[in-house]
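Take a look at the structures below.
Heads up, the next two complexes both have subunit A, just with different partners, subunit B and then subunit C.
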Partner chain A sequence: MELVPSAPLSSGPLQSPLLDGVDYAATEYMLGIDEAGRGPVLGPLVYGCAFCPVSQEPRLRKMGFMDSKVLTEEKRDALWAAMQDRGTNGFLGWDIAVISAEEISKQMLSTNRRSLNALSFDAAIGLIRAVLERGVHVTQVFVDTVGDAAVYQERLERLFPQCAITVAPKADSKYPIVSAASICAKVPRDELTRAWQFVEAGGSLDRAYGSGYPADEETKAWLARSCDPVFGLPRFARFSWSTTQQLLKERAVAVAWPDDEEGGPSQSKMGAYFHKPGDKRATTARHRLFKRSKLHLVKELR
Partner chain B sequence: MFEARLTKGELIKKVIEALKDLVTEANFDISATGIQLQAMDSSHVSLCALQMKAEGFDHFRCDRSMPLGINLSSMSKVLKCCNKDDIVTLKAEDDGDSINFMFESKDQDKISDFELKLMDIDSEHFGIPDTDYKATVTMSASEFTRICNDLSILGETVAISVGKDGVRFSVSGEMGTGNMTVRDNTSSDTKEADRVEIDMEEPVNLNFALRYLKSFAKAAPLTDRVSLCLSRDVPLLVKYEIPEFGSLSYYLAPKIDDES
Partner chain C sequence: MGAGAEGEAGALEALGAEVRVHHLPCRVKHTGPARVSTYFHPAERGDTESECTFRGRKLVGVRLPLPDGARGFVLRPSAEPAESPAERRWDAAPFSALTWWGADFPAAPGALHAAAAWLETAAAVHDDVAPEQQHAGLCAQA
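This part shows the complex of A and B:
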């Protein structure tokens, strides 16, 4: 799966650097995982993971890592800024996985449909694996629940038998390492969404899309005005959401898929046989290219 | 002004019933010789041509030729109020914006009248070329209706082939295939209503969308007989002649095999 953001993160790389002087294999590490942007109809879903030596957990508490939804935006930004600091990186590392709206749409609407939960599992597993592969000796993993906590926990235990796994609802308010992870998810997600660079509609789309949640009036209005009858919505929208599907049904032109139609002879039109008086059109047969590609005249120019 | 009175008012009702599935709105072209209508369905696959002769009416007056643009589903709703034996009178002023329908019961004890707004409909007539059809089948109108309805259970497209054995209607669909063959029986002493006359110069085999044929078949209550006229590479003509009144003709563009 592609885990690349569709807009640049101005704050830099998607993971913290591993520092030279630190022996990541010697100490026992704890790792937390949280997500941001699961519900919105717009923008990416971001997974954040944070890791620190088990012994350093109290230090995280002191820094003020709490549930990112409880923290103010300024506080979150300050914590995120601190996490960019080399001094902090000495004991607190992080990694981010971005699942773009485009990727969500693609996966959820593909022939082999994958649920958002399945995408979430993969993102979380990918993050744990990446940290382990970088040589960090992770012994404890804390994850915020997605779907059934027991099933999720069992799966992670099978994949990472070397780690003690804890999957719990509201993990971000219980474990500081998950709070740190939620900052890694929430702040970049907000930034990605706020600064989204539209490639569609010649850059004419505005960014007044509100919270991005389907129930937000501002979001609804933005979706409605950004919906082109032919090109539909920009890839910033999640096409697998019922909100978008309903909107496209109402506002966009319906597409007729010739492949869905029954095979066999194709229907000819009356205009091919009867002509309006004064119609100077040549009566020679149409070239077979047009016939073969089933191209019909839609409108006559006079 | 225009004024037309028809004792068999039911005819008008049946004509509209036979058109309204295919055409939502159309111009009724009124002239001293009668009423004509030509309209295509919305997908431009079929064309309906109605002719009601002035002589067919009990009274017919038209001072100036003009088109009366009417929404057929509205007209059909108005005609729902016309009883089977009612006498119908149509009236329109030369520069009016409405048409008036009056229904009188046979013994004059009930009179209803309705006014329907006229609409401006942009329509240009197609020149229908005179075609010397290679095959003409005349048969019972109700039997043709039945064939269309029965075959449409199996598929969407019917192949009509006229050969020396008769006329064969074939359908193939996901469920299976079906064929119905009707033979010329003019030499036997069949009742006139069930008679099948096949006039064939050369064999013809064409494909048509049953959906349209089923709509055409709604004209069956107008008359007993229907004619199917076919030639290669031209639209099928399904014609319902209404004795001493006029005719309702339907043209249907064939479905074409791209391979051929």
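This part shows the complex of A and C:
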């Protein structure tokens, strides 16, 4: 597989080839899903999915697929290299989805704000669907999650009733197929982030951005020195992160959007619903949807 | 935005290449230079629309040619010193279209249409009117 780190990748799947002579419909397959790059303020979120015949699971264990956090970087790279091999692809296929930082910013900041969880969920079902549509007979699905496993599981069961679904935290340490999926998420994610080529700032941006995590001192220093007063940060950064919003407030000029709510995009408090009518605190502003669409209350109808 | 008469067209060519002008759907509290070509890279989407991001938000732009007879200029005070305000000179960069950006979706260019309507109104108010026309106009009203 050839990664194109120079371009700000938009989300799009990259996958292993299906091989001639392998009957993907006749064998029962298991499929694992994991993600890499949820927390960082820089770089893409990558979703990896791996699938193998249920009978081949012990072979994955033998290859060394286990909790990706206990695997060394060299070991992860070696496993990723093995997954490019046609011999391995005979029993282990994979597919990845890249959600660029730009896409994350766009979706999370749009008028119809979409949460990172919603984006993640869409990426996961997109991958499962893609593998099913390629004619692979998947009967078991294992997903690593950071959110509420039960809700996630129920939603997947409704979408894919033909598969037995298991959603579990730390699934990559329990199921080798999820460990394989985590390799296809983590290695490309690291590669994309490390080798990022900026299209902005005419070469004046350096790559000493550290891990990309908001708490990393190197990342913090890079963010501060890379901030343009008008445009803010390059597309490599997630503008929807509070770290970025705070930085822009301090180091860039103010920008007001027509759909900004008074006092910023804060959510109304639950308690607001429990005040007596007439109580000042209970009055809420009209939602921006009405303002944008120029919808007014009609008091009298004739 | 200025309305240029036909006869000036030749002189205007000397001003150089057209510049691309963007109308953003947000208020940027900044007046002065900005590194537009470095940070702002619109991607064409179809014949008239383009897409870009600003401060992480998705923008959809529509190319709007200026109304007939109108020409646009970006003006900047010239570096040459002026003796009096009347002699102040400007550097001008011409444009004949602008990109009207909306957040998430294309925006309705209401303000531009209002400006174009004003050009027409202004022309009608300030045009020379022959006495016969004036007389005819008064008769029509009576």
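The rule is simple: the second predicted complex is superposed on the first by the 241 of 302 C-alpha atoms of A that agree within 3 Å, B and C clash if a C-alpha of one lies under 4 Å from a C-alpha of the other, contacts with A are read in each partner's own complex, and residues count from 1 in each chain.
Everything below uses one rule, namely that contacts are C-beta pairs under 8 Å (C-beta built on N, C-alpha and C of every residue); 3 or more make two chains touch, one makes a residue touch a chain.
These numbers come from a predicted model, not from an experiment.
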Practice task
Based on the superposed arrangement, let me know which partner A:S105 touches: subunit B (first), subunit C (second), both, or neither?
Solution key: second
Exercise for the section: Figure out whether A:V255 sits in contact with subunit B (first) or subunit C (second), or with both, or with neither. Expected result: second
Practice task
Return the chain, subunit B or subunit C, that is in touch with more residues of subunit A.
Solution key: C
Exercise for the section: Kindly classify A:S115 by the partners it touches after superposition: subunit B alone (first), subunit C alone (second), both, or neither? Expected result: neither
Exercise for the section: Based on the superposed arrangement, let me know which partner A:V230 touches: subunit B (first), subunit C (second), both, or neither? Expected result: second
Exercise for the section: Identify the partner contact of A:Q246: answer first if only subunit B is touched, second if only subunit C is, both if each is, neither if none is. Expected result: neither
Handout entry: Residues of subunit A that touch subunit C when the two form their complex
Key = 102, 105-106, 109-112, 199-202, 228-232, 234-235, 237-240, 244, 248, 253-259
Fill in the blank from the handout: In their shared complex, subunit B is touched by residues of subunit A numbered 262, 264-277, 291-292, 294
Completion exercise
As the complex stands, subunit C meets subunit A at residues 25-30, 34-35, 38-41, 53-58, 103-104
Practice task
Within their complex, state which residues of subunit B touch subunit A.
Solution key: 40, 43-47, 124-129, 156-157, 207, 209, 234-235, 251, 253-258
